[in-house]
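First chain A sits with chain B, and in the next complex the same chain sits with chain C.
Right, the complex of A and B next:
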């Protein structure tokens, strides 16, 4: 048997064995598949519901101007509106169920027609500054918008918008693609890291290290095993993203390629950390400790170039940033930085090769303590 | 003997050793962890076909020594050769000719006995056409053929040791090491493991075992090295160790407590006299027979109710050599 065919056999054996071992841990398999989906669903729900302030509107006047004002508020994308009586609204704000009560006075219609000033009462539950400021910004915006539509000749300043892209990208489609990347990060790290740490924790690494198999072949086999296991969760996440949330990739081939590349990076990082830490419980804590901050500093919620410079510097030293840039391209067709597609891909390749080499080197230098 | 025999070993086909080359050759081997000397200038040679025991209490450096022999731990200094291969420079060749049964067994407990063997066969490059037959043979040898599809986690400690032994033999190694092979298993399972080790000896295999059970060392080993605090205290056959460091042990039971202990102590070739009420334990040294003189002294003072003359056991030898009991 040649050295090459022997190494291929070791790679295949290590991959097969790791998959079998992982499959015996059913709770971990279920967690591994559904944790990333959980991320996707919960973040989407958070974005859907959490970004707008629940507000009651007391319509003491139901005339056409009052209705138009109500629609202007609805079009401000800052409120989740509900109509209520004064007593209902009061009860809701007292119970902390809404952020604000906007009261349209009974003489709204008459005063507008007579060109008299109108006072619209706004009661705010200012427990949360973020929501409070939303209300403080959005009510004047609604008034401006109302005027622009009700009295187009009076309002003389109107914005003339020129868009960089042919279509807007909604927050949900943007964020869910970022969440796909974090699902790859978490899935890759957990599958490979726990597999590596398990070998040390159960001392089965001795069986591997006592064999004549090349450490490179062992690491490659283990990484491929983790890749296969991670793909299961990736497929579920993609299915939810595409078929349930309705975010479709613009470039399928690029999406698949960047997905595999991102997985390779975090599988290598997981193998490296698992080999160094040697304990599953400690590793799992660290994996989340690494993944969650990376998610927040890598432009997951919006282009990192809109953030403060220090955050931009931090983001650009992490592979998650480039993975998000490339997946946003694959799904939506835009590139979030000025490096270009090829440079972003090469940087991601660099991370992958560097981490694979490093994890193989660490395993090679690992010895068994007494 | 050249340090490097070959640069490449073909997986699945271990190098055929020259019978004159020592199975293990350790020269001035040291391993330190910080300021702690786990192995301290150890030099010893194990010949091919021997069952060789490393005997010492926990923490004496036995496992560190075999980890260095197998290349799992890098020595701080010194040389280890296995069948002529320098472990540092020919680690892969050494692993191919070594069968290991680590203390922890290192079995994948989530997988079946068969899958464990199958994985080992792939790691050691056992030819595919022979693999199935060899796994079946080994499982039959260690009497686990009927449990081949059972998960290892359902096995008893003894079964796991047997499986680990069968796995270690699967690639037909020339040197087998067993680290504490019967630690924590019942007497029946211990006997079974001993039988397998004795079978290996009859097949001409070299076996290296570490143990802190003297009975085990005495039953199995052709030669023993006694190690304490990482240092080699003595190396010889169990019989020679007894002769060299032992002498005889005379146990006497008298009717009453006697006062002639000092007289016995003053005799030539008396190493130690211990008195516990009416029971005397007298350890002699050298080849001279002082027993008649002891009997004479004691019988002048009191009636001797019982007398036993026996060889010292290895516990007593170990105590004499190291000043501590083996399982302290």
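Right, the complex of A and C next:
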């Protein structure tokens, strides 16, 4: 039998064995499939509001100017408005159901007509400065746009906006693509890492290492097994993203290619870490614990170049950053850095090859004594 | 009798803690990620809400210069003053979200009461950044008019009243849910594995055949998980305090520690119940992580629950961690015990329910 044919048999056997062993643990298989989907759903839930503040407006004046002011607030892209009486609004803000109360005074109409100063009361549940500042900026925006519409000859300074893209992309369609990458990270790491660590925990690694099989073939077989197991969760995640959340890729081929490439990287990383850590418990904790910080550090929320320099440096040493850049291109056609499509893809390939070689090397250097 | 109970509990607790301490990889895997998460959030928060923009001021007149100064003082942008060419390069290289241009005839137009547009080119790739710009530019324009005092054509002004005595920075706000996540994850994972391991290594046989009651075994295991989990929580809280992120004052140190203890007790009890019900560490790890993630997210862990839709707020009301986060925020940020009794009651009942589940699972486990 030729060497190549023997290695192919080893790869096939290792892959088949790992898949069979994984399938015996049904609860873990089911949870392994749905854990990445959980990430997608749960992260998405908490950007549903899109940063818009639930706000009650107490209309003590219902004249045309007061109504126009209300409509300016509604058009400010900053509030989820509801009209309420003063007592209702007070109850809602105390109960934490809304975060701001805007009170239009009873003499609003008269004072505006007479060009007299008028104060709009804004009560804010100042939970944290990020959200509070959005409200603090949105009320002046409403005032300016109210004047620009009601008195175009008086308020002459207005922003004239030119957008780079023909249409705005909502926060959810943008962020869910970044979350997809994190789901791939978690799925790939868990499947491959637990499979590698299991061999050490059950001491079956002894037989593997003592066999005449090439370590490269063993690693390749194990990675392919993890890839097959991960594909189930990838299909579920993509189905949720495309058919339920409704984010359709602009470039299907690129999306599939980048998905497989990302998966390969994290399967290799999982195999490497599983071989080094040798314990499923510690590995699982680490895989999960690494995923959330990676999400925040890798430019998931927007181009990393908009961030502080230290985060830009950290992001660019992780493959997650490049995976997000490429998936945002595949789904929305966005350019998030200046490296170009080919360079970003090559960097990802570099990570994939490097990690595959490293995990094979680590297994090669592993001994039964360890 | 009580002495025997205490001795048994102590022996089980000591054994479980020793096993936990002997596994340094587990300790590292539990402690390092939340600390890394905290540091990353602290770094990232420097950029939150302050988008990088290029400001091109083509007008050297008084109004143009005043507008430029207002943009600088607005504290909502990270501004780079640039020529049109430099601004175009920064925009093309995705170094800035927007280019704001004050046109050369700005002063002339403002003084003549002619329409005076401020040009804004926006990289509108997601609404979070785009809306920041859409809010901030009119905010600066409003400030420009307000600077005119009584001659300002804009007569509407804002009178702001804050519900809370102090503003909390985003990263400070994120520290507490992170501590809660650490407690939940550590409690669930540590306790569930410590329990399921007894079945996997068949040491449960010796424990069950010993003259120790089932309740003693449960209490001993919960106590071991509780001690390690609680200490981790205290460690991160102290780290937050050392960095001046989270610093309870006076008696609120005590209430903060009580809250951490209740959450640690709840998560540990739940972990023991899971471990005793499933008997295998692999599914136990996966379920524990899923449960911890769901509890954390649904309690508003990464967002601000008050900003979320009503249906999500209603779900959060049934998640025990919501009350833990609320109580901890009140104690740490506002030196307040507002609804402390309610929060502790909910957490206490949930911890008791978790312990009850643990005893029940252990009974089922014995029967099996």
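As a working rule, the second predicted complex is superposed on the first by the 367 of 370 C-alpha atoms of A that agree within 3 Å, B and C clash if a C-alpha of one lies under 4 Å from a C-alpha of the other, contacts with A are read in each partner's own complex, and residues count from 1 in each chain.
To be clear about the criterion, contacts are C-beta pairs under 8 Å (C-beta built on N, C-alpha and C of every residue); 3 or more make two chains touch, one makes a residue touch a chain.
Every value quoted in this text rests on a predicted model; they were computed, and no experiment measured them.
Quick one: on chain A, after the overlay, do chain B and chain C clash, or do they fit? Just give me the call.
fit
Between chain B and chain C, whom does A:25 touch in the aligned arrangement: first, second, both, or neither?
A:25 sits against chain B and chain C alike.
Thinking of the overlay built on chain A, is A:286 touched by chain B (first), by chain C (second), by both, or by neither?
A:286: touches chain C, not chain B.
Now for A:341: first (chain B), second (chain C), both, or neither, which partner does it touch?
After superposing on A, A:341 lies clear of both chain B and chain C.
Pick one for A:245: touches chain B only (first), chain C only (second), both, or neither.
Neither partner.
Once chain A of both complexes is superposed, is A:256 in touch with chain B (first), chain C (second), both, or neither?
It touches nothing on chain B or chain C.
Quick test of understanding: once the structures are aligned on A, what is the angle at the Cα centre of chain A formed with chain B and chain C, as a multiple of 10 degrees?
After fitting both complexes on chain A, the angle is 90 degrees.
Considering only touches as defined above, state whether A:74 meets chain B (first), chain C (second), both or neither.
It touches nothing on chain B or chain C.
Which touches a greater number of chain A residues, chain B or chain C?
C
A:228 in the overlay: touching chain B, chain C, both, or neither? Say first, second, both or neither.
After superposing on A, A:228 lies clear of both chain B and chain C.
Between chain B (first) and chain C (second), which does A:358 come into contact with in this model arrangement: first, second, both, or neither?
A:358 sits against neither chain B nor chain C.
Look across chain B and chain C in the superposition and give the shortest C-alpha distance you find, in Å.
Comparing every C-alpha of chain B with every C-alpha of chain C, the smallest gap is 11 Å.
Taking the contacts chain A makes with chain B in one complex and with chain C in the other, which residues are shared?
Overlap of chain B and chain C footprints on chain A: residues 25.
Per the contact definition, I'd like the list of chain A residues that touch chain C in the complex.
Checking each residue of chain A against chain C gives 25, 27-28, 31-32, 34-35, 38-39, 42-43, 45-54, 69, 76-78, 93, 96-99, 111-112, 115-134, 136-141, 143-147, 151-165, 168-171, 174-175, 194, 277, 279-286, 288-290, 292-293, 296-297, 301-303, 305-308, 310-311, 314, 328, 332, 334-338.
If we count contacts the way the header does, which residues on chain B are in touch with chain A in the complex?
Per the stated touch rule, the residues are 8-12, 38, 63-64, 67, 70, 72-74, 92-93, 95-96, 98, 100, 102, 104, 106-111, 115, 118-120, 122-125, 127, 167.
In the complex, go through chain C and note every residue touching chain A.
Residues 23, 25-26, 28-30, 32-34, 36-37, 40-41, 43-44, 46-49, 51-52, 67, 76, 93-97, 109-110, 113-132, 134-139, 141-145, 153-164, 167-170, 172-173, 185, 189, 193, 278, 280-283, 285-287, 289-290, 293-294, 297-298, 300, 302-310, 312-313 of chain C touch chain A in their complex.
Which residues, counting only chain A, touch chain B once they are in their complex?
Touch list, chain A to chain B: 1, 3, 6, 9-10, 12-13, 17, 20-21, 24-25, 202-214, 367-370.
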